[in-house]
Structure formats: C-alpha cells, structure tokens
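Chain lettering (A, B, C, D, E and F) follows the sequence in which the chains are written, and residue indices restart at 1 in each chain.
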Amino acid sequence: MKKTVYMEEMDAFTYRDKLKKDAVVFVPVGALEQHGSHMAMCVDAALTKAMAGATAEALVEEGVLEGIVSAPINYGYRSQQRSGGGFHLSGTTSLSGQTLIMLARDIVYNIIVHGARKIVFMNGHYENYQFIFEGAELALEKARANGIDDVKIQLLSYWDFVDDQTIAELYPDGFTGWDLEHAGVMETSLMLLFYPDLVDMDAIDGELYTGLPAELPNYDVLPIIADYTPPSGCLSHPGASSREKGVILRDVAVKNMVEAIKKEFV
Amino acid sequence: MKKTVYMEEMDAFTYRDKLKKDAVVFVPVGALEQHGSHMAMCVDAALTKAMAGATAEALVEEGVLEGIVSAPINYGYRSQQRSGGGFHLSGTTSLSGQTLIMLARDIVYNIIVHGARKIVFMNGHYENYQFIFEGAELALEKARANGIDDVKIQLLSYWDFVDDQTIAELYPDGFTGWDLEHAGVMETSLMLLFYPDLVDMDAIDGELYTGLPAELPNYDVLPIIADYTPPSGCLSHPGASSREKGVILRDVAVKNMVEAIKKEFV
Amino acid sequence: MKKTVYMEEMDAFTYRDKLKKDAVVFVPVGALEQHGSHMAMCVDAALTKAMAGATAEALVEEGVLEGIVSAPINYGYRSQQRSGGGFHLSGTTSLSGQTLIMLARDIVYNIIVHGARKIVFMNGHYENYQFIFEGAELALEKARANGIDDVKIQLLSYWDFVDDQTIAELYPDGFTGWDLEHAGVMETSLMLLFYPDLVDMDAIDGELYTGLPAELPNYDVLPIIADYTPPSGCLSHPGASSREKGVILRDVAVKNMVEAIKKEFV
Amino acid sequence: MKKTVYMEEMDAFTYRDKLKKDAVVFVPVGALEQHGSHMAMCVDAALTKAMAGATAEALVEEGVLEGIVSAPINYGYRSQQRSGGGFHLSGTTSLSGQTLIMLARDIVYNIIVHGARKIVFMNGHYENYQFIFEGAELALEKARANGIDDVKIQLLSYWDFVDDQTIAELYPDGFTGWDLEHAGVMETSLMLLFYPDLVDMDAIDGELYTGLPAELPNYDVLPIIADYTPPSGCLSHPGASSREKGVILRDVAVKNMVEAIKKEFV
Amino acid sequence: MKKTVYMEEMDAFTYRDKLKKDAVVFVPVGALEQHGSHMAMCVDAALTKAMAGATAEALVEEGVLEGIVSAPINYGYRSQQRSGGGFHLSGTTSLSGQTLIMLARDIVYNIIVHGARKIVFMNGHYENYQFIFEGAELALEKARANGIDDVKIQLLSYWDFVDDQTIAELYPDGFTGWDLEHAGVMETSLMLLFYPDLVDMDAIDGELYTGLPAELPNYDVLPIIADYTPPSGCLSHPGASSREKGVILRDVAVKNMVEAIKKEFV
Amino acid sequence: MKKTVYMEEMDAFTYRDKLKKDAVVFVPVGALEQHGSHMAMCVDAALTKAMAGATAEALVEEGVLEGIVSAPINYGYRSQQRSGGGFHLSGTTSLSGQTLIMLARDIVYNIIVHGARKIVFMNGHYENYQFIFEGAELALEKARANGIDDVKIQLLSYWDFVDDQTIAELYPDGFTGWDLEHAGVMETSLMLLFYPDLVDMDAIDGELYTGLPAELPNYDVLPIIADYTPPSGCLSHPGASSREKGVILRDVAVKNMVEAIKKEFV
C-alpha cells in the first residue's frame, strides 16, 4: 500500500509504528449538508479531511512530528440558519447534540487507548464546535479515570488560521465573517482545489443565488423560519471562487496550523 | 457534477429530486478496524459503501426504483474477538453501544424527515447489527410521534446474500462462517475488486498469518484475552483471495439484495 | 434455610461466605415473551435460571469452584422476528437497548463490588447478547476506574454448548439453527424437564401451529410485518419435545459449560 | 397449564384474552437486598409479587375486575441506610436511579402497547418509589406521543394499606415507621406466610441482632458510615414475627388495596 | 463587597480563601412551584437558600466551621399531588428525574474539584430527595474515579430538624405531616420571616382555600386527577401563619442542623 | 404582593392570568463563574435576569405584549479559556453539555405546557448558546409529539443587541470582541448599574490585573493550560467601567431586543 497519512487507508501495523513515534492524530469533523446547487453535500467533511491531510503531510515533511488523520466524523450538529442555512433543509442530515458529544468522546478515547498522546480535533462545520469540545473533555475524564493523564488535545477550526491579510486580499469587497461563508468563496475555492469534480460553477444560477450575502437576524428562531434562508441555501455568493484562491487559503491555513501545532506539541 | 448514487457527492437539489421519486435510501454501516497487515483499516466502511452503491446502481439500471447511498457510518461497535479479533487491538476504533444506537437513530430519522419512506440499512461489520436495529426502531418511534407512519426500513448484512452455491464454489475447503471471515477471502477479494490500492497481497506474511482459521471458544471473555486472537488479527486466511472472487461475490450479493429490496419496496 | 446456589434464596451472610471462597457468580438473562399457546411466557428467564443453577451445582459438586446464581434479568431485549417472532406480539415485553445495557452494567458492577471476581453472564434470549456484552464491558470500565482490575467475565449462551452430535441425535430431520429454536424442541424439552407445569403439550394446536419451521427472510423489516411470523408465534414445531430430550440437552450443555468455566477460572 | 394470575406462568394467548377483558395489570417492584441472617435476599421482590398476586386473585374472586401480575422488577434502587441498611452491604445489589427509571418506563410502556389500560405499580422496596413514579410518567408521555391517552396508572406501596388499628395490634410496644420495618416484624411475618422456607427464625442471633430498632440520624451521609447500620443489617427486631401476623397483614392490606383499586378502576 | 456566606455574592478569591479553611459548602435545592394565591412561586428555592444561609452563618458565628452557600438549584422534581399539589398545575415548572440527577451530580462534583470536602445538600422540596441522593452518589463515584476519596456529603431536608415539641406548640390542633405542609403554616411563616414581600396574607381567599388540609389517597395516580388537589393548590391552611412562628421554626431547625453538621464534620 | 415581571416573585394565579394574555416568557441563562476579584460570581446569571427583566418591563410599558421572566438557569456550561478564563478555575461551577441540554429542554417544555407560545431564551454566558439551542429544539420536538405545534422560541445573547455605534463610543481604544468581555467593561458597568453592592472597583488590583486584554490562541487546549489565563481571571480590563456606561448598554440593548421581539411576536 502507498504511504499515506490517512488512517482509513493505512494497515494497523503501520498505524502502530507511527503511534510509537508519538504521531499527532487529527480527527476531522464535518457534516453532510446542503451547499447550494453548485456543490456536493460532503463539503464540510471532505474539506476538513483534506485540510487535516495537508497539515499532517506538512508536519511529516518538516520532519518534526509524525501525523495521522483518522476517519472523519462525516455527520455534524444541526445546521443553524445563521451559519449553515438551517436544519430544515432536505439533504442536511444532522446529529443531535448528545449524539455528537458521545461520538467525539468515543473516537478520541479510543485513539488515546491506542497510544496517541497528541490529538488535534479539527472542525469544519461551524455548529459542531461546542459539542466536540464537550466530547473531548469527556474523553479526557475517562482517560484520567483509567490512569492516563498525559494526553493533550488541541481543538481548532481550520478557517481561523486564515490571517487578516489573506482575508483582505481574497475578499476585496469586504468579508462578512466565517459564519456566513457557508458555500461561499472559501469553501467553494477549496473544493475547486481538492475535489473539482464535486463543484459545478455553472450551476450557480442567477435566479436561485439571490439575497446574498444573506442578511440574517442577530438571533435564532425555532422552529426555523424558512424565509430567512436565501433560496439557494448558500449564505454568501460563491461566484468569485477559484482554484487559485483555494491554493492560497490552503497554504496560509496549513502554514499557520503547523505553527500552532508545533507550539503545543514540540 | 457527474451522475452518482452517492449522497455525499450529490448536490441537495438533485437529492431532493430523487427523493420526490421515492428513492430507496441506503445507509451503509461499517467500522474503522484492523484487518491484518495486508489491508487498510477502512475495509468494513469502504466495502459496505461500495456494495450499497453497486446495489443502488443496479436498482436504478433496472428502472424500477431510484437509489441513493448516504454517507457511511464509518466507525462501528466494539470489535469482538470471535468476529473481528477484539477491540483491544490498536487501530480498531470502536463506538460504545449507546453511541451507535443514537447515531443510527439520528441519521435514519433525518432521512425520514427529508422525505424518504424506503430505507435500507446495510451492515458491513458483524458486531453492529443489534445496535443499528435498535437505532432504526427508535427512529421509527420518533417518526410516529411526529405523525409519520408510512416508513419502511429493511435491515441486512450484505454477506447474508451470498448464496450457498457460491460459498461452496469459493470455499472449496469448507466455509467457517461469516463471523470468521474477518479479513479473510470474502473481504479481501471484494477489496481487490473495489479498492485494489488498499490491499497488499504481498504483505500476507507467513510468520504473522499463523493460526488461521482462528479457533475461538464458543463464548466471550472480558477483559479480552489477547492470546486468543491470531497474531495477524485476521480470523481466516486471505491467501486464496482474488479480484475474480470479488466480482463473483459482488454480483451474487447485489443480485440477491436487489431481489430482496424489490420484494419489500415494489 | 436449605442449601442453595440461588442468591435470591440465600441470606446475605451465607452469600458473603461463598464469595470469600471466590465463588463464580452466574447472572442469567432471559425475557418475558410469548412462546406459543403451549408454554408460559417466562421460558427464557426460567430456563436460563435453571441452567445456571444446574451448572453452579455441578461446579460445587466437583468441589473445584463455589457457585452462586444471581436473580435473573427477567425482561430482555426486543424480540426479533427471525429469532423470537417479533416484539409486536402482545405478551412479549421488551426492554430497549439502552435499558438492558444499563441493567446489565449495574448488576455486574454491584456483584464485583460485593467481591466477586469470577462472573458468568449466561444468556437465554437470542436477542440479548450484544447488549449484555456492552453492559459487562461498561461494568469493567467502571470497576477499573475504581481501582479493581482483577475481574474476569465469561459471556455465553447456554445452547452453544449443545454439541453437534447431540444436535444430530435430537434433530434427526435436520436442525434449522438456534435462532429458529424459539419455542421449539429445545426450549420445550427443557421446560418439560424443569417446569412441567408450565408446558401443555395438548395446547399444541394443529391449526395454529402451521408454517413451521418458519421460513423467514435473511433480513429484518421495521415496522415488523406481522404476516412473516407463524400464527402460533413459535418458529419451529415443538411436537417432538420430551422430558428425556430435556435431560440430554441439560446434561450435555451443563457438562460443556462446566468445562468452559473451569478452563477460564481454574 | 393451571389457572394463574401470574403473567410469567401464563401463555400469551391466555394473556391476550384477559387483556381483552380490560384486566388490571400489576407490576411488582422489589429488590435483591440483605435482610439479616434470618431471611433470604429476595424478600422485597418475592413479597411484592405475592401481595400483588393475592390482590389480583381477590379482584378476580370478586368478579369485578380481571387481574394479571407481570414479572417482578427483582432488582431495586440503592438501599439507603435509613430504610434498608445501606447499599454498602455485600449482597445488596442496587440499580442506579436512571436504570430503574428506564426499566420501569419500558415495562409499563410495553404493557400499554399490549392493550392494558389499567395498571397498578406496586412497590415493595422503600427506596424505589420516586424512580418508578418517574418511569410511569415517562411511559405515559411516550404513550401519548403515540396517540394512546386512555391509560391510568395507580402507584402504591403495599404497607401503606395496613391500617392504624392493625398497626396498634401488631406492634403493642409502639411502631417505629415503615422505613425501619426493613427485615422486621412485617416483612418477616409475611415471609413466614408466603415463603416459610426462606425464613429461619433460629438464625435470629442475639449477638448479631443488637441495636434494634436502629436509631438512625434524620439525614443521610455519603459515603455511607457503616457503623450507623446495626450489625445484622436489620433495622428493627423480627423476633415477634409469626405466620399469624403475616395472615393479618396480608388480609388487611389486600382488602384495602382492593378497595383503592376499585375506587380508581371501576 | 460585603461579607457574605452566599457564593453567588462572593468573588472567586474570597471563595478560594474560605475553601482553604475547609469550609462546609451548602447546596440548597428547591423548586419553582405554585404555592396558592398567597405566596410567590419561589418558596422552596428561596426558603432553602435562606435556611442554608442562616445555618452557615450560625456555624461561622460559633467559630468552628467556615460556611458557604452555593447558588440554589431553583427548579425541582415534578411536584406530586400528595406533597405539592401535582405537576399538572400551571406555574409549577418541573425537572424530569434524570435532569435533576445530572444537575445535582455536576454541581457537587464541581464543588469537590474546587477543593470542598464537607458538603451539605439541603433539600426544600419534598419530591427532590431521592434524585439528589442519586446525584450526590454519582458525584462521589466520579470523584473516586479521579482519585479523590476524602469527601463527605450530608443530605437533609430542613423541616426534619423541627423537633416534636415545636411541632406540638405550633400545631396545637394536630400536625398532618411535612408532606401536607405545602404552602401551609411552616412555609408561610418562614416566608413571612425571610421574604415578607412575597406573601400576601390577604390573598388567603375563603372561597379558594377550601378542602384543607387536603385529604389525599395513600397512593398516586397518573395522569394526575386534578380534582384530588384543593382549588388553591395548598395542601394545608396557612391561616395561622405568622412571622413569630417563622422565627421559632428557623431557630429550632438551624440549631438542630448546626448540631448535626458539627456531629459529622468536626 | 407587588407587581412584577419575575415569575419567582409572582403567585401562580397571577402567572396564569398573564399567560392567558399570551405573555412572552423569558428564560435567562447564566452561570456561576469567577469574575476576577472585583465582582461576585453570579454576574452572568444576575445580569441576564436583570436584562430580561428590563426587556419584559419595556414590553409591558409599550402595552403591546405581556412579559414574564422565569427563574434563571443559574449554572452554565463549562467556562472556556477564550471566553471565560477556563473551567479549571476554582469557583467556576460548570454543567456538562448533556445536563444543560436537558435542563433547558425541561424548563422550556414545562413553560409550553403551562400555555406559553412566545418564548425568549436569553443567554448571558458565551459558552451556553449551542446547548440551550439544542434544549429548545428538543422541547419543541416533545411539544410536537404531544400535539402542540404553535410555539415560537427566539434565542439570543443580550450583548449582540449593543450596536456598533455604542461599541465605538464605549470602547474608544478599540473593542476586542464579546468573547473577551468576560469581567470587562460591559459586564462591570452593567453590574454597577444593577447590583452595585456586588462590585468593588477598589479590588481591581494592579498586580493581579495584568496581561489584559488577554491574548489567547485561536484554538483551545484540553486539559486547560492555566498559564494562558491572566492571573485575575478577567479577559479584558474593567478599569474604564462606570454606572453611566451601564445605563447606556442597558438602554441600547433593551431597545434593540424589544424591536427584535416585536418583529417576531407581534
């Protein structure tokens, strides 16, 4: 089998060897969620897996830390209207809070038991963060109860590592915040880079892609008021996306994540 | 985007169109688990996704039913020694029972809310079955409480659709049961068919691949007694595997699953 | 009070004395479930208690290990159509998965805290197994978190200890598998042995007892399709049952369980 | 099979016939708990089953209501020091609160689904009450969510139906309250009536049976302070127990429970 | 900031100083529940907080133990008809059993982690007791799993510390038990003492305040039968309440609680 | 009793009258958490209660909607280092995710059953939001299962209603974001307005109040690295706080919340 950072594509013996070298294990967390008519529904899971992979490879390349990317959590917390269009939209397949907490806890706990002591929980679906934070803490509590107290978990969302200068460059008309980036320029550009087959820029349909960027209230309403979400389900317009922007976004985010990981784990 | 049965690679508008045609939605359930030194750890999830895909495509081809394959549940229940080598083995990443129940419940319930009324829960990790059965029942209970009572869920394990004649052909020296097929001829042949890059027949190492087929007691012991599992982690010998056998296995299982699905849903 | 292996009929001081001798504690797990018109609904719980009692007594008689049988778990997991006729049948009283997991966990954990280090979880209701496995593992995790790490739990289903030769003898017309033995020859014969008052062979009614052995699909459907279950609720015909067969079944299963227990605990 | 009110000893067809006559279904809830050196540990479960049986039979005899007694919940909530000596005592096998809630919920919900609309939850272990109340309410909530809203559940503890006059008669030296009656005159007398083989009045040992009635503080302490419990584990002295008192206690309690049940269900 | 025993009104540095002196930490548990037309709905939470405060202050004054009162649990378990009028009454806002268990567990566990080793769980809503007992035990289990085993928790209901002599004095016409004291003389008198603004003795309306003391059956019924609760929602008549009685009740209960606390913690 | 919007200080009959007028019911959610040495630990709960009260009173004054403020949830989710200093700090008393979800669900569901159809969930502790969102959704699911489908819940954090102009005015040296406002100018100014006794500006100690505003990484680490939190536990400097700023903050936030509430509920 070819060399890989992806645990799913690795045999168990190779995995054990890497762990013996104190590898950082990444757990990507995404979602299965509508992303307009121009992108496939795997975006959050697929991008986070790819970003974790690129980060792990960069670490390995630097020769300082070994890296492994676990299977992504491919379903995420209920999409919220202000960051994902809302969980009422058909196609968006959401976990309840307790399910995601337990899923995160079980996966992290198992990886600890395998021997990992350096874990990066990489989030790629805005709504997940608090639930995976809770799951990570519960995994640590369980580990401590079993006598393991030397684990360190870093939790992050990859877009937080795109710096202000890059944002200024890529969003010359102003940046409306990562929450509104659902199916917008960042996600679409990264998809054009990593999974061009799962994007169809021609499916950005003028009639559908109206009301963008979405102007959403500074509160939530339940049950969701469908009219508040733009008809495409996107929250900002992906028209200015390009593979080139994808390269820039990946490069800056990976570079900064590598720095952050080295700060905590070296 | 290309035509696909895979929900992950489908945009939400296409998905909704298919559901309007009363598509059968498949939920593949696998695991992330050691499969010896000759296969990657994604086997159970990857094969079930592929088998569900092949079945969905066969249904579509027949023109009787539309088919969609949801994102696989890529982590499974604790590997047991008599069917997966045991959850003590590093690399095997296991969910607790309650987590898998809730995960199955949430996913199926969401798909029902999307509009699906025909669901096939396809299992590819022996140990999962009871927990996804429970999850499916809880999803139905929740659907009924919300006034939806016309859903039908079919639960199956794909290997149960390999018929006795095929077994006799492929296992001329005798068949030791699906539980012992962990990393054996069936899984390895199907991987050679669907994901040849994730198999390395040269990594079937004589020294490691001893004690096969495993002779395990007719009971379980907890904590697991490591010595009961053969050193490779496989439970039967994959040496006789081939892509050709993979084709035969896929073809017979898909054909029989298509029949079973049509029996219940047409 | 008379000498007994049954914890329910034992005073606490006697129990403590036995535990000081490192007694094996059996936890029988059954169900309250329809068993046709010819048997009472306690079959799974009552037989498992009796088989555990016979095994404990055999151990004591051999003088190698002391034995105690805890109160049976007298309700079990949802009866499934392929092994118990289905949980839609009135009379069948089923626990949800999470309830059975927690019940198993609590009971085993308490017995550990009492001082037991040798535990046999004996199952008598096909559908229970995975849930009590999970409960046993959770009890061990809790014990370890409290500093107890010398417990061993053996999990088994009593019918797995009936050997092939006995099966060949008792089922001269062919054996259809333990799953279909619901209310069939094995259970009925053992009831005739242990609880003859709770069997009425004259209530095996020709009109009702049709379609046996049941021919069930190799998958499950939810909600259950009532027509798939034979009208009696039995899955195989109990007509050939006899007390004598009960004696044979008990003797061989007990003998083999005693061996298995000694293998693990002596 | 003989006529019986006990569901465990009834075949499913007979059960269904009784339910069609709108039978009251009793669910006895007990415990597996130390009861000194003079009684077996099943007291709470066994007595509650017997009292429910006697009440059901009395109802049937009167010809007003049909009666069925479900399998007892034979494990109960953690024994508390002020009513059961404490859950620290070996032999006392306790469920956690959530487990008992879910167990009660599942059993009651199933009985409702079977068709029962008149349910009596009879408690025989002081500590259980709040948890089975919660379980009963959750079962009703689930039933309502499934469109069933004509169920009535009566919850009671059988000793509350022993009237003051009987208490005055049976406890000429003063009555210290039902909480202290753990393994005292009431339970012992009823055991002498229903299960004389499980009582050994000669095992009331002077040296052990000191400090009775127990003088316990008007609060609880956790972890339990073992010294607060008398050495026998009994909370009041059983010496004055007799089968005759058992008859009186049963008769008065059954008579009053029958009245209460008729008040609610006729 | 002024000196206070109330944690809510204390800054964190002061809190830490007090804990270093091994302060007793009180956790008051109340409810938000109807208390007739003459009292506000916070009674159970407000009184328990006040009684805990008075007890903590008395301890501090004696100079033997430092005292802190945590924020009250201001919602309680479902009001039951025999002790609180029933959870069907609008205004009464009830937690389910599992929620209260987890809330109690989390709060106590946190206080232990802060460094507290002496904890008093003070109950002021009859129905809560079993659930906070369970929560306290779960907190201890978690603490032990984390290596902390020197915590002691005392659980009590403040009214249990009003002695018989006081009862005889304050209830010259006979005392009907603490369960019926819901919105009666004790609670009203204490409210007149601690929160006179939240009582309106003129709102004791003759027409509404009938059927008191309530005569309730010696069992519960679910769903609640509204007619069993007196129209005011009170279970005994508050007419004879006075601030003076409030002083007496507070003084005797505090004095006796101080004794009990010193007995356990000094 | 005096007129009040606070449910805790209201009798049940008055509450029912208000609900008949279709009152908006506010549920304030706070925390019990360290806020430096200059403020009491109740800040988040106390301020949210006060802001909800002011908003309810403003609504009532306008005469368009009746308003009620339920008892605050006075414990919140684990304080995170980037928004509250971290849950490792003694005094900070945190709920686990599942507990807060269930607490929010139970309270909202009860209020719905009381008759409320207009609910505002007002958050005052940054970390709570996702968990109360989940609790609100679960309450709605339960309400729908019970046939209630006309409820609307608005979820908001009060600080999101301070507009940019006010921020520019109050933070002339630049605003570092609401997450860093823990114990900073906003909270301190509002406390000076609502609870001046619980603030001590003289306790802002130069030596302790260093490293402000905190410079925290753009990720979390678990277990928490204590050094990342400034010694005071505050995340920005409260020195510029004043009662006047409190008035401005309250007025603008209340005005904007009133608009938002009217938009949704009138």
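Quick note on the criterion: contacts are C-beta pairs under 8 Å (C-beta built on N, C-alpha and C of every residue); 3 or more make two chains touch, one makes a residue touch a chain.
Keep in mind that this is a model prediction, so the values were computed, not measured.
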| item | value |
| --- | --- |
| Steps in the shortest chain-to-chain touch route ending at chain D and beginning at chain A | 2 |
| Topological distance between chain A and chain C, in contact steps | 1 |
| Equivalent-chain rotation between chain D and chain B, CA atoms, steps of 5 degrees | 120 |
| Far-end chain from chain C, centres as C-alpha averages | F |
| Whole-Å gap between the CA centroids of chain C and chain E | 47 |
| Distance from chain E to chain B - Cα centre to Cα centre, in angstrom | 54 |
| Intercentroid distance (Cα basis), chain F paired with chain A, Å | 29 |
| Where chain B touches two or more other chains at once, by residue number | 96, 98, 145 |
| In contact (per the touch rule at the top): chain pairs | A-B, A-C, A-E, A-F, B-C, B-D, B-F, C-D, C-E, D-E, D-F, E-F |
| Chain A-touching residues of chain B, taken from the complex the two chains share | 1-2, 7-13, 15-16, 19, 32, 34-42, 45-46, 70-72, 74-75, 89-96, 98-99, 102-103, 105-107, 110-111, 113-115, 197-200, 203, 233 |
| Contact set on chain E toward chain D in their complex | 77-78, 80, 96-98, 101, 127, 129-131, 133-134, 136-138, 140, 152-156, 160-161, 217-223, 260, 263-264 |
| Of chain A, residues touching chain C in the complex | 142, 145-146 |
| Chain D-touching residues of chain B, taken from the complex the two chains share | 141, 144-145 |
